[in-house]
Structure formats: structure tokens, C-alpha cells
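Next come two complexes, and both contain subunit A; in the first it sits with subunit B, in the second with subunit C.
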Partner chain A sequence: MNNILEIRDLIVSFASDGRKERAVAVNGVSLSVPKGGIVGLVGESGCGKSVTSLSVMGLLADNGRVDSGEILLDGEDLLKLSDRQRRDIRGNRISMIFQEPMTSLNPVLTIGHQVTEAIRRHSDMDKAAARARAIEMLDKVGIPEPEKRMGNFPHQLSGGMRQRVMIGMGMAMAPELLIADEPTTALDVSIEAQILRLMRDLQRAGGTSILMITHNLGVVAELCDEVYVMYAGEVVEHADVYTLFRECAHPYTRGLMASLPRMTPKGKRLYNIPGTVPNLRAMPQGCRFAPRCEYATEHCHSEKPALKDIGGGHLCRCFRG
Partner chain B sequence: MSNNKDARLFDAEIQPNDGPLASILHMFRVNHAALLGLILILLIILMAIFAPFIARYDPNQLNLIEMRKPPSPAHWFGTDDMGRDVFARVVYGSRTSLLIGFVPSLISLILGTVLGLLAGYVGGRVDDLIMRLADVVLAFPSLLLAMVVMYTLGSSILNMFIALSIINWAGTARVVRAQTLSIKETEFVEAARSMGVSRLSIVFKHILPNCLPNLIVLFTLDIPGAIMWESSMSFLGVGDPNAASWGLMVSQGKSYAYMCPWLILAPGIAILVTVMAFNFLGDGLRDAMDPYLKS
Partner chain C sequence: MPKYIAKRVLVTIPVLLGIVLLIFFMLQVVPGDPVTVMMKEHLKEDVVQNLRQTMHLDDPFFIRYLRYVWDLLQGDLGMSWKLNRPVTNLIAQAFPYTCRLAIAAALFSWILGIPVGMISAVKKNTLIDHLSMGVSLFGVSMPVFWVALILQNAFKNVLPVSGVKSWQSYILPTIVLGWSSAGRIARLTRSNLLEVLREDYIRTARSKGLSPLRVITGHAMKNALIPVITVMAIQLSSLLSGAVITESVFAMPGVGSLAVTAINNRDMPLLQGTVIFTALLIIAGNLVADILYSLIDPRIRVE
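== the complex of A and B ==
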């Protein structure tokens, strides 16, 4: 097995408002994270990227359900495991870092308590050993005076420091896979660069693979080896990061690229993709991006394009190819 | 609230690096009513512990020669219709009142917290069952419910604990359930779940500590409530007739209210002071411990 994580044809749906038909948030997504690799999962809000990651964690909300598909962690299907077995995997073999460092730590428990709890949950270490390990982790993620910080409450740390704590907590058990759900969205740009560098350093040192969920193409370019672009619950394009930035094929990906603010040319309006993401309950019949696509033809509106290889493992879901 | 200005003052002066204890200490410096409440409560507790050293008479010693004497150097608060020393009875009565204040409040606090956590975290049918039960308790007139319990089980201090616990748990359960519902959706609970923390640990280690400030406030406000309930029930004649309680003293003194006002004034003022002391302290703690005001 070369892939630490392999998702095959994942379909996730949600029940809501007492309606009979379920809203399909993730529709047949396949993706894989190679061992030691950093893979980006990009898309707008509501495209299903967070739902995909929560399915991997087994943390879908009560009204959500994986309808079909496989989620293989190092070849083992997570969906076939019991709740208990999945809990043993969470925080141990797979960890997750959340978007909001301000609210991801329990405000009434000390940093030390929370990091130590995470360590003791998955190891036989006694209190003293777990504490020593926690201090070591805080030191590793670049927190000054880690011993003193152990006794601090979350509100006494800055956002960047808290995200470092979260990363330290996530990396404490040296997980095989780290899922980072927009870990830098809530941080300053300068802190963002530090956090990204920290994640890459830890990944290189510990051999952890990372699934990076983001809507920030800058983060992707900075950190990732390969990228999946999601739109409306489906993967629309997949390529290694160089190919994607050099010659992205899908009109949606192009739209995302064009929406990035640039210094030149001056005085031009920033491009934005017209329209909005379609409603989960009212998906277009043909290509899901067709209503917003400037190249859309009759064909696009009536028939749905398949995800096909357009050369060298570069996948694209578009008739134009 | 009278201490709005105080609260603002205290927010501005608090350092971000101070712990919860520091903010409580600061609250006592600014909020003098709460400090007074704390001092009074400590005095009442000391009075209850050292009652034999404070009162010169046995509270139950009858003395038919010294009946209904007005306050004097020998009997500071006078004597009642059986010649018992009112001061001694007030001092010893603090034991009953504190016991009645603390024990049922603690029982209903624990009961209400566990049921509230269960209802909020598990949800579904468990939630429905617990909350409908709470609705029934809350919809029923509390005093009537407590009296029914006392009549059925008999008049004793233990049954008083049971009666007061039954009428008090529902309020606590509601507050805890509401907080659990909102806390279980927070990112830090999701983060804890993503670390593989078990449900039991999430409920007791992550959610419960977040409810704690409210619970402490609820507890300090439940205590005077329980003291009042006990007084009311003793006054109505369903209390424990053998316990020297302030409510019972008011009840027994009411026939002589015009002739011997000290009979109801002394225990009445004792009830008033105790209840107010706990209320002041509870209000102060609420201001100091509300973690969401600060962030």
C-alpha cells in the first residue's frame, strides 16, 4: 500500500427539516493521500470538503450518514469498524486540526490538562510521563517556556499559540494522518506562514501524511504536493500542484485562480465566478458547474461529464478536456 | 442591577493573566455587599458550630416561671411561652437552618446536574422523559408538593431533605441541560472527540467544568431558597417538631405576636439576615464567574 488514506466513491447525505429525501453533500468522491505526502482539498464553502474530512474522522453530525463507499486507512476500511475501534483510531492514528484555534480548546481547562489528556487517552503513560511528553510536544511546536504554559488557560494565549497547541496535541501520538481543516484561516498572514512551516517541518520529521482542507490556493501552493478540487460535492479536478498551477483544466479551477487578488494589472476589478453554489436539493442535471460556466454548451447542461484522465494522472471533470 | 458600575470597573481592572480565583477575590474588593454576605455566612457557620459556647441556656430547657419575659440582660432575646431562652433557640436554630440550607441543595444540585447532563447530551427519548418529569415538578405548586411529601413520609428532618430535593432538582436540570446543549456543539467538544476522548469523559471532563460557574451560583441561591421553604413549612406545621428551627419558632410565636413581638422578631430577623447573606454572595459570584462576559 502506497496510500495511507484512500477514499473510494464516498457518498454522504444529511436528513433535514423532516423532509423525506436526504440532501447529498458528498457525491461519489474518491481521493487518496500517499504515505508521507501532503494533499490539498480545495473548494468553496459548502462544497463538501469538510464533510469528507468529518466522514474520515467518524464525526459526522447525528443527521449525517455515509451511504456508500469505502474509507481505507492503510488498507483497513474504517467504515467497517465499531464506534469504539474508531475512537481508538481518532487522535492516535488520525488527528484533526480545526479552523478556529480560539474555540477549539476548552476554555476552563489548562493547556497542560488538555494535551496530557490526549496523550494518556492513547498510551499507557502515567501522569508524569504524559506531562513530560506534553511539554516536549509544546516545545516542538515552538511554544516558548512550555513548562509555564502548561498551567495557562487558553484565553491567556494568542490565536497563533493556540493553533500551535492544537497541532502539538494532534501530533502528540505521531499519527499516520493529520487532517487540517483550514488551520490558518483564522490567523494573521504572518502567523499563517509560521504555522504552515511548522506543519511541513513536523511532516518531514515524523513521516505524517497531511490532508489539507482549505479554500486558500496560496496555502495549497505553499504546502501541498497534489491537489483535489471539489465543487458541489464532487471532485472536479485532480493534479499535482505544479501541473495544477501551470495548466489547470477545469473552468471552475480557472475561476478560482483568477479570483486571487494580484498586484498587477492596476485598477482592474477582481474576477469573481458568477452565480453561487447550487442548492444540494436542486442540483443541475448535467455538469454541476454549467450554470456558472462561461464555456457551457447545450451538452454541458444535459449530460454530466465524467472525471477523466487528460494526461499524466491529471483528472478533470469537463467535456472540453 | 445595582452593581453594574462595579462590574464594569472590575472588568477593566482584571488582567488577562489572572485566574478565576483572582477575579473572585477582586469581586469581593469591589462588591461590598457580597463581602458582607460572605462574612455573615462565616459568622453564622461559626455560630452553628460553637452554639454551646455562645448560648448560656439549653434551648429546650423549660422554665415555666420565666414565661414570655421580654429581652433583658439575663435573656437577651427574652423567653418564649414555655420559658425557653429565645437567644439560645436562635443560636441552636442556625444548625437546623444551615443543615436544611446545604444538604437538600447539594442533593438537588447533584441530581439536577446528572439528569441535566444526561438529557442534554444523550437527547432523544431520554431527554423527553427527564424534561417532562421536570415540567411536572415545575408546574406543580412547590409548597404543595413538598407538603404532600412531608405528610406522606412523616415529619422528620430527613424527609424534609427529601421533600426539598424533589422540588429543587428540576430547575437545576433545566439550566444544566440548556448549557449542555450549547456546549456540546462547540468546537472544543468536537476537537476532544477528534482526539478519541470517550463520551463519559466529554460529559464530565469537558462539559461539566463549563457549567460549574453557573452551578456554584445556582447552589448559593438554592440555599436561601431551601431555608425559606423550611421556614414556611415549619410555620405551616409540617416541619420537624423536634428540631429547633427558625421557621418553627416564628410559627409558635405567632399567637403572641402582639404581646411578645420578640418571639417572632428574633427568628424572623435571623432568617432574613441568613437568606440575604446567601443572596448577596450568590449575586457577587455570578458577576465574577460569568466566563462569557469576560471573553
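== the complex of A and C ==
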């Protein structure tokens, strides 16, 4: 097994009040994270990237459900496990850090309590040993005076510090896979670089694989080995990071690249992809991106393109190839 | 922290003085001459004059107010006109009954209300939830005197229903008083917990692999209970100041009954005394709520 995580044909849907049919948020996604690798999952808000990651964690909201597919952690299908077995994996073999460091820590519990708790849940360390381990983790993620910080409450720490605590908490059990859901979106740019560097250092030191969820192509270029681009609940392109940035094939990915602000002559407008993400309940019949695509033909509107290899493992869901 | 408490205590002093002034003023403008109330109509003019003098009834309002506050500071609430005994003593005599009832009712409502609210939130929109919220709603909305009468009727052969003879006399009044409080606390706990369960840090707690029970008890309840505790402290203080209706229906000689007696007898010093006592307890309750709040919620603590 070369992949620590393998998702196969994952379909996730949500029930909503007063409607019979469920909204399909993730429609047949397959992706894999190689051992020791950092994989980016990119797309606009609402494209299903967070839902995909929450499915891996088993933390979908009450109205969400995995309808079909497989989620293999080192070859073992997580979807076949009991709730209890999945809890033993969560925070132990797979950890997750979230987008909002400001609200992701419990405001009425000390930092020390929250980190120690994660450690004690998955080990038989006693209080003192777990505490020592927690201080060691806080130190590792670059928190000054970790011993003192153990007694602090989250509101006494800055956003960047809180995200460090979250990472320390997630890495405390040296998980095989770390899922990072937009870990730097809410942070200052200068802090962002520090956090990304910290994650890469930890990944190199501990051999943890990372699934990096982001809408920021800059983060992808900085950190990832390979990338999956998602649009409207489907993977539309997959390539290693160099190929993707050099010769991305899907019009959506090109649109994302073109939307990046750069040093263009003054007065020139920043590119944006026309239109908005389609409604989950009213998906286009053919290619889901067709209504927004400048290259769309009759064919694109009537028939759905498959995800096909366009050379060297570079996958693209487009008729133009 | 001690600084914060001291500050909060100091702030209550002007509030207290204001309340005493207001109560004193309100009861002064109520029609009815004290001497007539005390002696009925048949008495001589010179006796009346004499009495008015000793009671300082002809002094200006403000002088009487200051005198009242001065006495109050020394724990003297004046003499009851009708019972001819110090009001402070009367309240001190009645308070133990009210106190026992209040503590029993408060405990009943917490022990019942918090778990019920918790289970309702966890089992949201199930039969258990609808059932317990329905019963809570009943508790909140049924008039206390009506529940009291029904329970008296239902248990008249099993439990004492009037007066205080033994600890069993407290059972029915506790249920009557506690039920409505329990309903309020259950509903509040439920809605707070539901809100907290949507928070990001709950997802974080789950992502550590904690069991659903640990997530609720270790992470969610502490946050959900912050507003509930405030309500609990204020509720306890209002229970302690006497449950007027419940005490009357069950003929318990508590502070509430004392207030009713005072009203019936137009016994102004006694009424004033019980009302000021009530106000004092409510202010103390709010104070305790504030302090508890800052103890539980580290964000409120003044650095």
C-alpha cells in the first residue's frame, strides 16, 4: 500500500427540511494521498472539498450521509467500521485542523486541558506524562513559554498562536494523516507563511501525510506535491503540482489561475470566472462547468465528460483534453 | 478578581438606597391613616395625637425616610402596627420556612431541569424531546395556585397539605414551586446546548475522538450552562424572598405569608419590611450570578 488515504467514488448527500430528494454535495470523488505526501484539494466554497474531508473524519453534520464509496486508511475501509472504532482513529491516526482558529478551541477550557485531553484519549499516559507531552508539543509548534501557556485560555492567545495550538493538538499522537481545512485562511499573510512552514517541517520530521484543503493556489504551490481540483462536487483535474501550474488543462483550473492577482498593467481588470457555482439541486445535465465555460459547445451542455488521463497521470474532466 | 467583586458590591449600594426610597415613597402615598388602622375608629382625639407624635407621623417625608434608612442600617425595620412586634423578628421567624422550601424547590428544579434539558437537546426532535418539552411547558405556563390545588386534592390522603408539621409538609410545595422553575431551566438548558453544539470547538472535540457523552459533558455543558447559572442564581434569590402564592395555599408561615398578612392588615411597616427584604435578596442574587458568571467564563474576568 503506497497510499495512506484512498477515497473511491465517494458520494455524500444532505437532507434538508421539507424536501424529499437529498442534495448531493460530493458526487463520485476519488482521490489518494501517498504516504508521506502533501496533497492539495482546491476549489471554490461549496464545491464539496470540506464535505469530502469531514467524511474521512466521520464528522459530517447530522443531516449528511455517505451514500456510497470507500474511504481506505492504509487499506482499511473506514466506512465499514463502528462508531467506536472510528473514534479510536480520530485524533489518533487521522487528525484535522480547521479554518477558524478563533472559534475552534473551547473558550472555557485552558489550552493545557484541551491538548492534554487529546493525548490522554489515545494513550494510557498518566496526567503528568500527558502534560509533559503537551508542553513538548506546544514547544514543537513554536509557542513561546509553553509551560505558562498551558494555563491560558484561548482568548488570551492570538489567532496564529491558536492555530499553532490546534496543529500541536492534531500532531500530538503523530497521526498518519493530517487533514488541514483552510488552516491559514483566517490568518495574516505573514502568519500564514509561518504556519505553512511549520506544517511542512512537522510533515518531514514525523512522516505524516497531509491533505491540504484550500482555495488558495499560492498555498498549493508553496506546500503540495500534487493537486486535485474540485468543482461542484466532482474532481475536474488532477496532476502533480508542477504540471498543474505549467500546463493546467481544465478551463476551470485555468480560470482559477487567471483569477490570481498579479502585476498586471494598471487599469486592467482582474480576471474572474463568469457566473456562480451551480445549485446542488439544479446541476447542469452535461458538464457541470459548461454554463460558465467560454469554450463550451453544444456537446458540453448535453453530455457529461469523464475524468480521463491526458498523459502521465494528469487527469482532466473536459472534452477538449 | 477580588477587585471585581468589591466593585460589584459597591455598585449595589446606591441601587439599594434607591429601592428603599421607592418602596418607602410608594407605601406613603397609599391611602389610609396608620393610627386608624391600628386603633379602628373608636378612640379619643388626644390619644391619636399622642400616637402620631411617638410614631413621628407628622415629620416631613424626607426626615422620615432618613430615619427609616438609619434604622434599617442597624437592622431595625420598625414595629408591626398590627402584631406589635419588631418586623425584623417577624421576618427572622418566617425566613427558615421560606428558606427550606426555596432550597428544596431550587434543588428539585436543577436536578430535574438540567438533565431533562440536556437529554432533550441531544435527542432533538424525538419523542423524548417533545414529551419533556411539553411537560416543561406545562410547568411554566400552569398557574401555581391551580397546580397546588390539584396536587393537594390528589395527595390529600398521603401527604400533609396544610401547615408545617414535619419534613413531609414540604414535599408538595416543593413540587409545585420546583416544577415551574424546572420547566424554565430545562427549556433554557436545551436551547443553549443546541446552540453550543453547533460551535466549531465541539467539532474540534469530536475530532479528538471523544465519545458523544464526553463531548457533551466535558465540552458543551460548561458553555451551555453559563446563562443557565445566571438564571439559577436569580431564581434562587426570588424563591428565598418567599413564594407568596404557594405559601398561602399550603398555609406555610414563611415570608410570603407574612407579606400577605401585612397587606390584609394594612400593616405598612411589615409590608415595607418584607418588600425590602425581597429586594435585598434579589440584588444579592444578581450579585452572586455576576460573580459566578465571571468565575465560569474566563473571558469576562477583568484582568
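Observations
Following the convention adopted for this analysis, the second predicted complex is superposed on the first by the 321 of 321 C-alpha atoms of A that agree within 3 Å, B and C clash if a C-alpha of one lies under 4 Å from a C-alpha of the other, contacts with A are read in each partner's own complex, and residues count from 1 in each chain.
The definition used in the following text is that a residue touches a chain if its C-beta (ideal position, glycine included) is under 8 Å from a C-beta of that chain, and two chains touch if they have at least 3 such contacts.
Quantities reported herein were computed from a predicted structural model and do not represent experimental measurements.
Superposition of the two structures on subunit A leads subunit B and subunit C into a clash. Legend: residue contacts after superposition of the two complexes on their common chain; A:122 is shown touching both subunit B and subunit C.
Using the contact criterion defined above for the overlaid structures, shared-chain residue A:213 touches neither subunit B nor subunit C, since it reaches no partner.
By the touch criterion stated above, A:91 is placed in contact with subunit B and with subunit C alike.
Contacts of A:229 after superposition: neither subunit B nor subunit C is touched. Of the two partner chains placed by the overlay, neither subunit B nor subunit C lies in contact with A:12.
Of the two partner chains placed around the shared chain by superposition, neither subunit B nor subunit C is touched by A:78. In the three-chain superposition, subunit B clashes with subunit C only at 6-14, the remaining stretches of 6-14, 24-32, 42-50 or 60-68 being clear.
For the contact definition in use here, the residues of subunit A common to its subunit B contact set and its subunit C contact set are 57, 59, 87-92, 95-96, 98, 100, 103-109, 117-118, 121-122, 153, 155, 166, 169. Looking at the complex, you find that subunit B touches subunit A at residues 16-17, 19, 123, 186-198, 201, 205-206, 209-210, 212, 291, 294-295. Residue ranges of subunit A in contact with subunit B, taken from their complex: 57, 59, 62, 87-92, 95-96, 98-100, 103-109, 117-118, 121-122, 153, 155-156, 166, 169-170. The part of subunit C that touches subunit A in the complex is made up of residues 199-201, 203-211, 218-219, 222-223, 226, 296-299. The residues of subunit A lying in touch with subunit C in their complex are 57, 59, 87-92, 95-96, 98, 100, 103-109, 114, 117-118, 121-122, 153, 155, 166, 169.
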